[in-house]
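Right after this note come the structures.
There are two complexes below, and they share chain A, which is joined by chain B in the first and by chain C in the second.
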Partner chain A sequence: MRKLLFLFLFLAALFLANTAAAQKFFTRDAKVKFNSDTPMEKIEAVNKSASCLLDTQSGKMAWKVLMKGFQFEKALMQEHFNENYVESSQYPNATFEGEIVNLKDINFSQDGKYNAITKGKMTIHGVTKDVEMPGVIKVSGGTVTLNSNFTLVCADYDIKIPAVVRDNIAKEIKVMVEGVLKPK
Partner chain B sequence: MKKILLVLLALALVGGSVGYYLWNKPHENIRSAKTDMAIDAAQLFQEYNVDETASNAKYLEKTIAVSGKVKEVTKEEGSVKVALETGNEFGVLCVLDEFSSHPRTDFPVGETVTFKGKCSGLNFDVQIDRCVEVK
Partner chain C sequence: MKIFTLLFLTLFLFAGRLHAQDGEDLLSQLGEEKTIDYATASFKSNRVINGHSIENTAAGVLDVKISHRFSPVRNGIYDMFGLDGATIRIGADYGITNRLMIGFGRNSLEKVIDGFAKYKILRQSSGAKNVPVTVCYLVDAQIVTQKFSDPTRANYFSSRLFYTHQLLIGRKFSNNFSLQLMPTVIHRNLVPTKEDKNDVFSMGIAGRIKLTKRIALNAEYYYVPTGQISETYKNSLSLGFDIETGGHVFQLHFTNARDMTYKGFITETPEDWFFKSDDGRLMGGMRFGFNISRVFTIVKPKSLN
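Up next is the complex of A and B:
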């Protein structure tokens, strides 16, 4: 009888430890939106199929987005973006690989909103840069929602803007990412 | 002198019109676009997982007609995505074109469907954007 009880407690402890700590969360419906606002032109694009994988135990996070999946209202802008600026035929993806720096401040087992700092490598147009950005992690009903707003500088990723449209494109592009991750 | 001015004005008007047209030109009409190649979802997924770079060289930005069994339909924020079965955890994700009208946006799980769209690459699934259903 005691052996059974012990076994039960052991299994229960194992189960609890697993659900609380070691879990992978994933989405392939994350949204990445960017815009560039200048007095000359307003450029905006959205991608609704970014993927994000998060390991809540290690805090490691990986994002991937297909450049050709960015939708612009203007077909010509989309063409220029793909053909001239990000050269998506050569570099079809943009990725981020990093980790949550303040993992200990986030309790993935407790519903709530947590401020997070993520640090890692951002690769766009074949160029990799070390980046660090703030974000908000919302834990709610078994899902993890990630939200972050940051800026990117075109020149940092070797994205060449021709002189003739230099005033039409902002030096710093505003990026917004949002993803609702579910347990994998 | 007047003649030169008139010619210049005409050129400016033509230039302006061309510019205006280009600026406002619509996204390619995917329904009438010619299909570059037809492929089965499982085969497309397999090719991409064996060699992503070679598959991109072959399929990226091409107009592809992909067929498969409906695995799952997700509707979110105005976008409809149909996942096609490949026997794996991931498969081919067909994102319905937001610039076209669709006779139906509900696809029964298990039904064999064919979508024509533009291949965007591999992101866990092989992603086909700007999809319209074709028979």
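Up next is the complex of A and C:
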């Protein structure tokens, strides 16, 4: 009997320990900012309600960004962005599904800053592309902060720019992503 | 029994462990948040052609308006197809909030100064909250500032005033099609004859079909039931195109209305699109006109960082 109890407690400890490591981190208030700077026009928008889910065990990551959530300084620019460019009524969300390639370099149980490379599929305007981008993962006090800067090309996602405004929109759009993820 | 209980408990822990492992499709776990999706851009401008649409000018935005209406096209090349008989309206609209807007303008025809306020009572939305239509209320006042035709008789200032109350009920059926109904009441302090009513009721209907991302086809019709205004005045029908560029909306159209003010195009439209002249010939009463609208952001929205 005692041996059986000891075995049970040992197994319990093992399982519980593993469960603690395979944690999911989540946020609904991540920030996504993009900007296009040309001599003709400055276009900038912020979305403060992006969702991100990270599985630290497998290194898998998923992002979901509501296109209508992007706020612009100019109301008309916001309307054109949704109606004419990204057609958000047809493609309401931009998503990313991927994983941290160098997962072994990151220790989620130890506070610190780690350079990470994420690779996966980015879907915007109904078009999916393979992307790979660098980022910084900061582990601190039980939360995981993700930070990344990368560029996107409108043409890659079939976002049509009419000839009239070709000089108003940059060839490469700068995107900045920042999310503070808490254990789910 | 005890062994069984212990094994059962172990299985429980084991099951919990498995559950944490099956997160293969992380994206589907992000789930669909129920947000309210408001219908936007049902029309490209806050005017359809002569009258208002269910769209409002955004908060902090100034919308400058320049409009022209010309003489009938049938006047031919000598009159440059009506261009020589141009009348103008210069005005501006401003969004106080996203639901409340105001505007004013001055017309060369009868030197009318008009001013309005428009409030969005109900907004069409889908998602977390389903509302099938957008409903707006418009109140518009017009003052004729032109000198009285007969200065010797007793003329009153109140005779210069006209008021319009309008309910706009519309729906964006799809990205490409919107339709609205506009029950309208125009109050005229002074009317030409005893048979004319001081309060004129009219029902308007307007719609737009988006042809490309930046070009739309608009139509607007105001029906005035008989017995209210003189038979010499007709119902106004307007057909036009909206062409949208970065910050401008160009509205080019044909209309039989001569005026750009509510009291003018609803109760004082002189000719039908097609009519028979006194000697039996078929005549065209339509005129060319255009509205140009340009938006400027005056007050930037807060918290953009």
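Please note the rule applied: the second predicted complex is superposed on the first by the 167 of 184 C-alpha atoms of A that agree within 3 Å, B and C clash if a C-alpha of one lies under 4 Å from a C-alpha of the other, contacts with A are read in each partner's own complex, and residues count from 1 in each chain.
The working rule: a residue touches a chain if its C-beta (ideal position, glycine included) is under 8 Å from a C-beta of that chain, and two chains touch if they have at least 3 such contacts.
This is a predicted model, so every value here is computed, not measured.
Colleague: First (chain B), second (chain C), both or neither: which does A:E97 touch?
Modeller: second
Colleague: Return first, second, both or neither, reflecting whether A:D29 touches chain B, chain C, both chains, or no partner chain.
Modeller: first
Colleague: Is A:L76 touching the first partner chain B, the second partner chain C, both, or neither of them?
Modeller: both
Colleague: Which holds for A:A163: it touches chain B only (first), chain C only (second), both, or neither?
Modeller: neither
Colleague: In the superposed arrangement, does chain B or chain C reach more residues of chain A?
Modeller: In the superposed model, C touches more residues of chain A.
Colleague: After lining up the shared chain so the two structures overlap, which partner does A:L4 touch, if you call chain B first and chain C second: first, second, both or neither?
Modeller: second
Colleague: Regarding the shared-chain residue A:D55, is it in contact with chain B (first), chain C (second), both, or neither?
Modeller: A:D55 sits against chain C, while chain B stays out of touch.
Colleague: Touch test for A:V65: chain B only (first), chain C only (second), both, or neither?
Modeller: It touches chain B, and chain C stays clear.
Colleague: Counting only touches as set out at the top, which of chain B and chain C does A:S89 meet: first, second, both, neither?
Modeller: After superposition on chain A, A:S89 lies in contact with both partners, chain B and chain C.
Colleague: Once the two structures are fitted together, what part of chain A is touched by chain B and by chain C alike?
Modeller: Common to the two interfaces on chain A: residues 28, 51, 64, 66, 68, 71, 74-76, 89, 92.
Colleague: Help me check something: in the complex, which residues belonging to chain A touch chain C?
Modeller: 1, 4-5, 8, 11-12, 15-16, 18-19, 22, 24, 28, 44, 46, 51-53, 55, 57-58, 60-62, 64, 66, 68, 71, 73-76, 79-80, 82-84, 89-90, 92, 95, 97, 162, 164-165, 168
Colleague: For the complex, give me every residue of chain B touching chain A.
Modeller: 22-28, 56, 60-61, 74, 76-77, 79, 81, 93, 95, 98, 118, 120-125, 127, 129
Colleague: Which stretch or stretches of chain C touch chain A in the complex?
Modeller: Residue list for chain C touching chain A: 2-3, 6, 9-10, 13-14, 16-17, 20-21, 23, 26-27, 29-30, 33, 35, 37, 40-41, 58-61, 175, 213-214, 245-247, 295, 297, 300-301, 304-305.
Colleague: Can you check the complex and tell me which residues of chain A touch chain B?
Modeller: Residues in contact with chain B: 28-29, 31, 48-51, 64-69, 71, 74-76, 78, 88-89, 92-93.
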